[in-house]
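The structure that follows is given in the form of structure tokens.
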Amino acid sequence: MERRRIGILNSGGDCPGLNAVLRGSVRAAQKLGWEVVGFKDGFEGLLPPGRFMMLDRHKTAGIMPLGGTILGTTNKGHFVAKVGAHGTKAVIAEEIIEQARAVLKGLRVEGLIIIGGDGSLSTALQLQEAGIPTVGVPKTIDNDLEATAMTFGFDSAVACVADALDRLHTTATSHRRVMVIEVMGRHAGWIALYGGLAGGADIILLPEIPFDYDKVIDAVNKRTEDGCLSTMIVVAEGARPKDGAIRTRATAAGEYRLGGIAESVASEIAGRTDRETRVCVLGHLQRGGAPTTLDRILGTRFGIHAVEMIAAGQYGYMVSYQNYLVTEVPIADAVNRLRLVNPQGQMVMAARAVEVEFGD
Amino acid sequence: MERRRIGILNSGGDCPGLNAVLRGSVRAAQKLGWEVVGFKDGFEGLLPPGRFMMLDRHKTAGIMPLGGTILGTTNKGHFVAKVGAHGTKAVIAEEIIEQARAVLKGLRVEGLIIIGGDGSLSTALQLQEAGIPTVGVPKTIDNDLEATAMTFGFDSAVACVADALDRLHTTATSHRRVMVIEVMGRHAGWIALYGGLAGGADIILLPEIPFDYDKVIDAVNKRTEDGCLSTMIVVAEGARPKDGAIRTRATAAGEYRLGGIAESVASEIAGRTDRETRVCVLGHLQRGGAPTTLDRILGTRFGIHAVEMIAAGQYGYMVSYQNYLVTEVPIADAVNRLRLVNPQGQMVMAARAVEVEFGD
Amino acid sequence: MERRRIGILNSGGDCPGLNAVLRGSVRAAQKLGWEVVGFKDGFEGLLPPGRFMMLDRHKTAGIMPLGGTILGTTNKGHFVAKVGAHGTKAVIAEEIIEQARAVLKGLRVEGLIIIGGDGSLSTALQLQEAGIPTVGVPKTIDNDLEATAMTFGFDSAVACVADALDRLHTTATSHRRVMVIEVMGRHAGWIALYGGLAGGADIILLPEIPFDYDKVIDAVNKRTEDGCLSTMIVVAEGARPKDGAIRTRATAAGEYRLGGIAESVASEIAGRTDRETRVCVLGHLQRGGAPTTLDRILGTRFGIHAVEMIAAGQYGYMVSYQNYLVTEVPIADAVNRLRLVNPQGQMVMAARAVEVEFGD
Amino acid sequence: MERRRIGILNSGGDCPGLNAVLRGSVRAAQKLGWEVVGFKDGFEGLLPPGRFMMLDRHKTAGIMPLGGTILGTTNKGHFVAKVGAHGTKAVIAEEIIEQARAVLKGLRVEGLIIIGGDGSLSTALQLQEAGIPTVGVPKTIDNDLEATAMTFGFDSAVACVADALDRLHTTATSHRRVMVIEVMGRHAGWIALYGGLAGGADIILLPEIPFDYDKVIDAVNKRTEDGCLSTMIVVAEGARPKDGAIRTRATAAGEYRLGGIAESVASEIAGRTDRETRVCVLGHLQRGGAPTTLDRILGTRFGIHAVEMIAAGQYGYMVSYQNYLVTEVPIADAVNRLRLVNPQGQMVMAARAVEVEFGD
């Protein structure tokens, strides 16, 4: 008799812990006697004739400490929703969905686990609405989904930021410098806030708290007066001054544009104080490396729970972490709802208590 | 005018994140305009004439990434409670309390922050009852206090275990071996459970789940039959077989006795299977190294909140972490209440789902 | 037309950098248009019907940072030389060699790269003398071969020791303890010497410098008098006191016997000083983990050069590192010649200059 | 009776291992019964009234694993040599030397250890010629001094590069991207060559081997055709195309200018292939973090030998590493003689053997 089969794919930017999710799902499915089809390169693997690999315990052995994803992933492709005229809802072309349906049917895939961020979960929802049974696993390195208290990858990114601050702190102190470190976070400043706090940053600039250049300059000067040897500034890539302007040298547009806001902040400081100032843009380093134990465990548990949801026929739902327990919520309730740093929340207050400046 | 003064000390075994607590308290106190007296070597620093150092921002600069504690600590000394005859309550000698009171008064210390585990918090409570205003900060690397959802140090210990498993996994696989790794946990198996899960252990033995040697042997043999190249076994130091006996070679008692239960488990496997078996006892490695970001942040927040509790006159209370917020509970309600691994809880179920064996 | 084919295997204990050698050989062979047969589990893979995998660029992609060896290895098996009666030369059984010859011929393997230590190189030599063309790559984590200035794996083991010392130093200092760390080195103390020096050890005990317990005790006491908070002792597993006796508790023999000499040293210190003393046995941790850059590069260069030696028909030779250049020496000149720590050499003198005690 | 006194300072950019040199010198001096004056912020500490701290065993305890330098350093200041009119020799102003002489005399400093790069060693030479007894310790993270086979700091920088490549490799592979990593090396490409080789880079661009954009593009395309999932390019900051032009977007000058050549290379690839391309500039991360064991040991040995040179009255000499031994050379013979990568040397040949492209 044929064994039951499920599919799994990850979509969007890679994130530490993806391999833990894959391993968790595969082991949990195998324990139930199921087979697992892993689709390659995100949703693109669903297109005819199907790009996939069969996953089992041996294929996923030893992958938990590895960054990236053994399936590959993509940010782009045929499943990107197109916004209709007059602001109508973004949708994937109908023929693309039909092609995916045919591939899944041909492979006898009963249910599909989709690991992805807000956009990918919207795609998952559309597949579900089109009759393809899906469950979601949230993936956002920024930890900015309202529907889950925690997502894997975030802790690893924060660890990368803190490690960089440890490294840069000794050199900044030796040279009595100001160091501006740009980290991920276009809309939400969680990585900057946690990474900065853990790495002992003196100034943290977040998208949620527009800053004032004068206040930043004052904070740097005050530290110099107090005899502090260095000043460490963590700035989220989405942080902006109150007047909205990024004061920086003109640059041509470019996909690999470096250090936008960080260079702007550094320019101001170098120009208006007597401190030597240096910039470091962490960029993709934050996505790589061995995931932390927290991310490995969270990823594993998410992967297991997704299989349990398929076993229970709970399609259209997404894994969620609430009160230290893994549970689930409807995907429809989860998408498009960001969780931002609360400027009056306990974490920001804690940071202020240890004399972190936010430039506001 | 004289500035207000508070005291701080840490007691019992050292734990990653202690320096973050010290730094957090000092910075928070300094922001309020207070001075901080750091007592050395645990409660012993309170004895006349007082062994201490004044702590300020510069003294605590750069200490967050360091393991250990800049104040020193001790497990022993004059403040260890003596159990009275006929099971009467354990108490510290009255004259010791009076000596501490005199030292604190002489130094103008208004309130004392005590960072410690169950025993040290009992001492804190007794000081409080004797009229010395104290607040507590829980410290247990085993994360086994009922009164707080999380304690600092645990995540770092788990990271150490997972890192060791990553290291040992490649050598075990290359040699087709069974590897038995002994980790901390006399009463609670949290470190073994989280570390084992994050490090991809195949068998995890916990104090809370007595194991059967036959089941362990079966699990090893089954893996060999399935073509698995290695078997990784994590065993908490307090794990015990169902029949209660540790079957091991006779040894003289010794403070630095190595590998009790791990050697016993390895002996059985080596004797009853055809697998080469090796033992690794992590021991004190689990206490050292740079704390993880989670422990740095938790320690910092605990240190800040202890100062806020003094500012609010909330003596006799202990910092606690609940629902992602730092809050406080009465010390009297917190001591002597352990949080153990629930054999039917979600974490153990998750481990079973990924085919971890518990030997039960 | 068929492409030329070479074989490769690793034998004996695993060692960080083995995968770098494999990757280096495969890439170098591929550049010459050759194919590479990787034999599994050491020499055992040569037995009929042959256990092997074809290695190419894709199979060896991403393996350099991994510990262990993707081919597997063994310390034992059919190729272990048997010592004849009356001390005649140790030899491998003739029929075993014939079986290996047949397998190699069947697979069209022209030359065989053997990565191994002293014993495995002796086997390589015997194969070569029996007409099977071999070249050797030296592998000893102890770095104790006279015929090469450096071997891969050693630097990674030293890094593991220093990292452990960093971790243990903070906890030892916090508790004012003596810490005894046992490291690899049965005959040669290079790991203890380099690891101890890099990790800031206060006392280093080596096989090459028999120690006196009284001198060790004196050194511990002197440090206590000088106000030093901790004493870190690194002891090679082969270190011995001058009188030859290991004073330790009676133990049954056991393959996984822990902490022989370290426990003995700790017993003496705990019994004869007032210091709390703890033991840590690093064991197999020293073999795992990502190899250091030095070991990756050295392994890569060794792997490349082995292929170049086959291209030049230089069989019966072994790769060697001399004066910062990779070159080769006859295997016959290399085996059975150990390089030991010179007690009057510059490294020991340097250690003494920074007040390291050797207990002599 | 007064004890003999020596001085020590570090000058120029910080470098992993500086603290090991300080600790080594202090311990060696202390063993001889001498005192050590540590001057702060490079040569600037020599100006009246003298900025310094007395260094002893306790002040240097536990500093070996720390990056940076506890003395502080500077690239600039009053001791920067001024080039005279008509190309006359660069000299420090006479009055500056007199001030330093007075401070050293006032502190009874008999000999001065100067840890620094080419420029700082020239200054040391000028002080020596002016009658201030000095010995030099070479410091160049680029490892580009002809007069010593190895300098501390280089191995740590290479480790940082390889670690970054490990991290970036998984994310690049998951997204099928080209990743361009810019590393230190204005004149010499050693860090790029060793870091690239250890991190498994596919293309390495060095100052010593001018590259051709067409060849780089060809290499990227060839890898895509061969089915390679990612292409990792390491580029030294001083690498240049054969035609000399850096084809990049116009930028205003700025001290913290990011990613010059890396952005240029990435622009070309993104524009001329179908590969997504990303840039990462490691910058100051390469100077920080715990030094590797090799750098700790080399730094320690250099620090010891500098003290031995003072003990022997060997002023005007610099510590040097030759044939695995620490020795010394006249400073006058050492300055202004760079050691560059030999495009025909064994290391470049090894890299080519494992299919690394240099774009030439």
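Per-chain residue numbering starts at 1, and chain names A, B, C and D are given in the order in which the chains are listed.
Just so it is clear, a contact is a pair of C-beta atoms (placed from the backbone, for glycine too) under 8 Å apart; a residue touches a chain by one contact, two chains touch by 3 or more.
The structure presented is a predicted model; accordingly, all values stated were derived computationally and were not measured.
Count the smallest number of chain-to-chain hops linking chain A with chain C, moving only between touching chains.
Minimum step count, chain A to chain C: 2.
On a C-alpha centroid basis, what's the spacing between chain B and chain C, in Å?
Averaging C-alpha atoms per chain gives centres 35 Å apart.
Could you give the separation in Å between the centres of chain B and chain D, each centre being the mean of its C-alpha atoms?
So the centre of chain B lies 41 Å away from the centre of chain D.
How far is the middle of chain A from the middle of chain B, if each middle is the mean of its Cα atoms, in Å?
That gives a centre separation of 31 Å.
Residues of chain A that touch two or more other chains: which are they?
Within chain A, residues 166, 169, 173 contact more than one other chain.
Of all possible chain pairs, which ones touch?
Contact pairs between chains: A-B, A-D, B-C, C-D.
Please give the residue numbers of chain C that touch chain D in the complex, ascending.
Against chain D, the touching part of chain C is residues 23-24, 27-28, 30-31, 57-58, 61-62, 64-65, 149, 155, 158-159, 162, 166, 169, 173, 194-195, 197-200, 226-228, 290, 292-294, 296-297, 300-301, 304, 307-308, 323-326, 346, 350, 353-355.
Which of the residues in chain A come into contact with chain D in the complex?
13-14, 18, 41, 66-69, 72-75, 160, 163-164, 166-176, 179-180, 229, 249-252, 254-256, 258-259, 263, 266-267, 270, 276-281, 283-285, 287-289
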